[in-house]
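The structure is given below, and queries will be raised subsequently.
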Amino acid sequence: MVNLGIKIHELDFKNPVLTASGTCGFGEEIADFIDLSLLGGIVVKGTTLKHREGNAYPRMAETPSGMLNAVGLQNKGVDNFITNIYPRIKDLNTNIIVNVNGSTIEDYVALTERLNELDKIPAIELNISCPNVKEGGMAFGISCPSAEAVVRAVRKVYSKTLIVKLSPNVTNIADIAKAVEGQGADSVSLINTLLAMAVNAETRKPVLSTITGGLSGPAIKPIALRMVWQVYNAVKIPVIGMGGIMNATDAIEFMIAGASAVQVGTALFIDPTIPVQIIDGISAYMERHKMQSVNELIGSLQC
Amino acid sequence: MVNLGIKIHELDFKNPVLTASGTCGFGEEIADFIDLSLLGGIVVKGTTLKHREGNAYPRMAETPSGMLNAVGLQNKGVDNFITNIYPRIKDLNTNIIVNVNGSTIEDYVALTERLNELDKIPAIELNISCPNVKEGGMAFGISCPSAEAVVRAVRKVYSKTLIVKLSPNVTNIADIAKAVEGQGADSVSLINTLLAMAVNAETRKPVLSTITGGLSGPAIKPIALRMVWQVYNAVKIPVIGMGGIMNATDAIEFMIAGASAVQVGTALFIDPTIPVQIIDGISAYMERHKMQSVNELIGSLQC
Amino acid sequence: MKKTVTDFLLLENKQLNKDNFRLVLQSPQPVSDLFPGQFINVEIKEASEIFLRRPFSILDVNYNQHTISLLVKILGRGSKKLTETIAGQTINAIFPLGKSFTLPDKSDRILLIGGGSGVAPMLFLAKICGLDPANVTVLIGARSVSDHIDVSAYQQFGQFFFATEDGSLGEKGYVTNHSVFSGELNQFSKIYTCGPDLMMKAIGRKAIEKNIFCEVSLENMMACGFGVCLCCVEDTKTGHKCVCTDGPVFNVNDLKW
Amino acid sequence: MKKTVTDFLLLENKQLNKDNFRLVLQSPQPVSDLFPGQFINVEIKEASEIFLRRPFSILDVNYNQHTISLLVKILGRGSKKLTETIAGQTINAIFPLGKSFTLPDKSDRILLIGGGSGVAPMLFLAKICGLDPANVTVLIGARSVSDHIDVSAYQQFGQFFFATEDGSLGEKGYVTNHSVFSGELNQFSKIYTCGPDLMMKAIGRKAIEKNIFCEVSLENMMACGFGVCLCCVEDTKTGHKCVCTDGPVFNVNDLKW
């Protein structure tokens, strides 16, 4: 039997496969398809302090090997999460991580304080990288000083595992990773979507209501892999990799490049059973390669 | 009859479809497939002052809807270009543009001076964005001051049409575009490839000899479109768009987003007749949409 | 029925006219509790430019044979590719998805209006409601008789009327010009419709005006189909609702029409 | 012959053994001047994960029927998909590509060594050279008789020998262990080879050592196949050369082996 367990800061994961924020709802939506307790973790939909309606329709465009989205953090706010959703999902027997969003540092702090109270939320993912709304924090995630400021403020009020989600829309992602590590982040996750655009040639209008949106899916995998590798070489904290992971081989590539864990996002739209297939595929790979622990994979790239 | 002619600075193009540097050799290599004089222009392989062997093999990886390359500006140097190649291609009856690369400002200037002598080279494309080698100038292309410095120096010695090719590996490409416009660039072309990576999960080695390489092809089209649109809105000089253009619809989307002309790159590997198909496709589109001049398309996005 | 990712066996692929095909898919497991308005999200295999699944309404069900059928109209690359699937091949789909129409009471007099590929859920609804045929009126619109789909198998379930833009079948004009619709609409206690947006809006507004219960089935662009991506939203009076899970069926009174 | 992008008609697709197929492609135009070592770059249609073309050597030509044939071994997704093409479908390819082997003189005694799918250009070369059969010796290696390809149609062109790793056909062992190769190699004035890298290197080094003319056909990864991408380079004594245009055939003396 291979050992799939990994650790991010002080948090144990039964395996390195998580579902990505904004692509699995609160977990419940995919419970028909898979046994959620098999997952390493679930990062729930981006949450804000207040209820948000999100952006206007249309919010989606299909692109070569990928898609654009401009959801804009539609969610019912943290109160609704705590009152209505948390009680339903808290005993799912997997790590439930909340994706935290704000437009000001005060928002981030206030939201984090609320989540800090919740026993069964062992970690938050601080999203400073959503390209689709001002409140998504991408403005924070694209410069070192602002990334540092928000992480510093949140770190003060949050004692559990703090994961910071990085934006790929930057010149040097390793610098941002080092900056947030310096402020006490326990882990970084990457990448969020790449700012992109689709045009309808016939109507000469943007396809998305917001003109630009975030690109995800296999198209971005080579960029995500590169960034994970750069960040892995720049920081000491564990890296959580994502971007276009569709199968076990993709996940293994991310781990070889330095990811301690991976998140599966857009792939869920194609097939919500993929995370479980990936877990099985990693096991099979490890057996074939005579590995005992999945830690042997992490950062095993031979250059 | 629709009018496909466009102007970049003072240079007339019979149509807005060019072939991209590094993907069409010196034009001759695709002359079996198409009548080169039908093209708006040909941007020849990246040229350096001295002969370069380029990077070690393997230099290529196939990725979802795209590919990575790490050619590393293999070329025989500008003397060889002037002596052996220029005489053969100078009368092709299309705009021959030379893609100029250096690792120091002096290199760029020396190379540009040599090209300035050539009557039938009406424009150069200053590459400050090749991600694959130090000499590719990406270091210049990712910060405003260094981009300004190289453009300023080259502008002093070059009187013909100066196109600056921008890197997408930056936080804010519009800022870089404005910076080079400020130093007298006559046009900007974008995007060069995105820095990316491929890993072989079985061998746990990078696929490319250089570990990272440049991502091109349809996968990057949504990112390229977004950048063209951002740059178009930021500068007054004409924008030349590229990145994943595979057919006329793609080319039209770039023009709607603000491109005065487009370059076809990786698509040539799949089918070297694509540029001619695109020219025909743009004509057909214009007829269908009752447009007289292709200028009506440029920046016609209705937001 | 629980949602699953299922490999269906394509039993039959029948071209009905130039652009429309009926596909009969057999599930390896029994199917249960499928209702008109629900849909399935189909993987388009081996297609170089298609990344996402494509949603199609359930046209009919045969519980004994574990089959469901679809009416697929060729619109773009994905639907075209799907209609090229050959009987005997497998088709992977996520199903069942979405909420169905509110089934009428025995006492209702219902009007079903379908346009284009929107006839699929209307025929399924007619069949489910058609135990008492007198009460089911079905109005079907098409551009021309050549685009029209043979509905004879369903005519036992209600009274059928047709409208074509060129007058080649039934009355000439849109469904909203048809005498059934422009006549005494209040004879109907419930109106159900699925079809082009403009058609549904015209019908919905009239129903609101006349204060008749009316449900419409929307076809917003979808990425997932099961409520996780939040891409398919319709801006309703109570905010953004997911067409794939809160719909695709909505009461017109809830929409901002 | 000028390079073109051609829609070939697949006339025949014959499975030769578990992993190997022979495809016969007909060009709408006459074909001319095709030589052993040249290759074509084939589009893999409707395959969701394939972006680039795939190169395959020319196995044979029939100028009267405008056909060329390929020997395709299933290695990954692209070759698999290609072998699933059905006679009557079209296959798009760029051809002819690359430089051929240097054809021998009548006075030469030549040895052709093919391994795996590398037998394709060897068989074509045997045929072209085979007017004087006594001078053509062909040595073919395979893992086992079940991987071996029937070459009876080519045996009239030379003397054939076989080596299999399990001894199930011909001598047991690699081609380089075969008595023809380990014997009096200087009886041959020219050696040509195509196959796995390690095999070609072993042969090439021996030829260098014995000072025998030797050409090998390389299979580097290609993006374009016609000399524009510069991805397929081999590091030769005179610098990086494109396998697709300067090769795929190289004289071993030019390589850094």
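As written, the chain order gives the labels A, B, C and D, with residue 1 at the start of each chain.
The criterion applied here is as follows: a residue touches a chain if its C-beta (ideal position, glycine included) is under 8 Å from a C-beta of that chain, and two chains touch if they have at least 3 such contacts.
Since we're looking at a predicted model, the values are computed, not measured.
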Chains touching both chain A and chain D, listed by label: B, C
Busiest interface, counted in C-beta pairs: A-B
Whole-Å gap separating chain B and chain D, where each centre is the average of the chain's CA atoms: 36
Whole-Å gap separating chain C and chain D, where each centre is the average of the chain's CA atoms: 55
Length of the line joining the C-alpha centres of chain B and chain C, rounded to whole Å: 48
Residues of chain B touching at least two other chains: 63-66, 217-218
Touching two or more other chains - residue numbers and ranges from chain D: 50
Complex contacts: residues of chain A adjacent to chain B: 61, 63-66, 68, 142-143, 169-171, 194-199, 201, 203-206, 211-212, 215, 217-223, 225-226, 229, 244, 249, 252-253, 256-257, 285, 300-303
In the complex, chain D residues that touch chain C: 45-48, 50, 81
Chain C residues within the chain A interface of the complex: 2-5, 43, 49-53, 94, 220-235, 239-240, 245
Residues of chain A touching chain C in the complex: 22-25, 29-30, 32-33, 45, 53-54, 56-60, 62-67, 69, 71, 74, 217-218, 266, 268-273
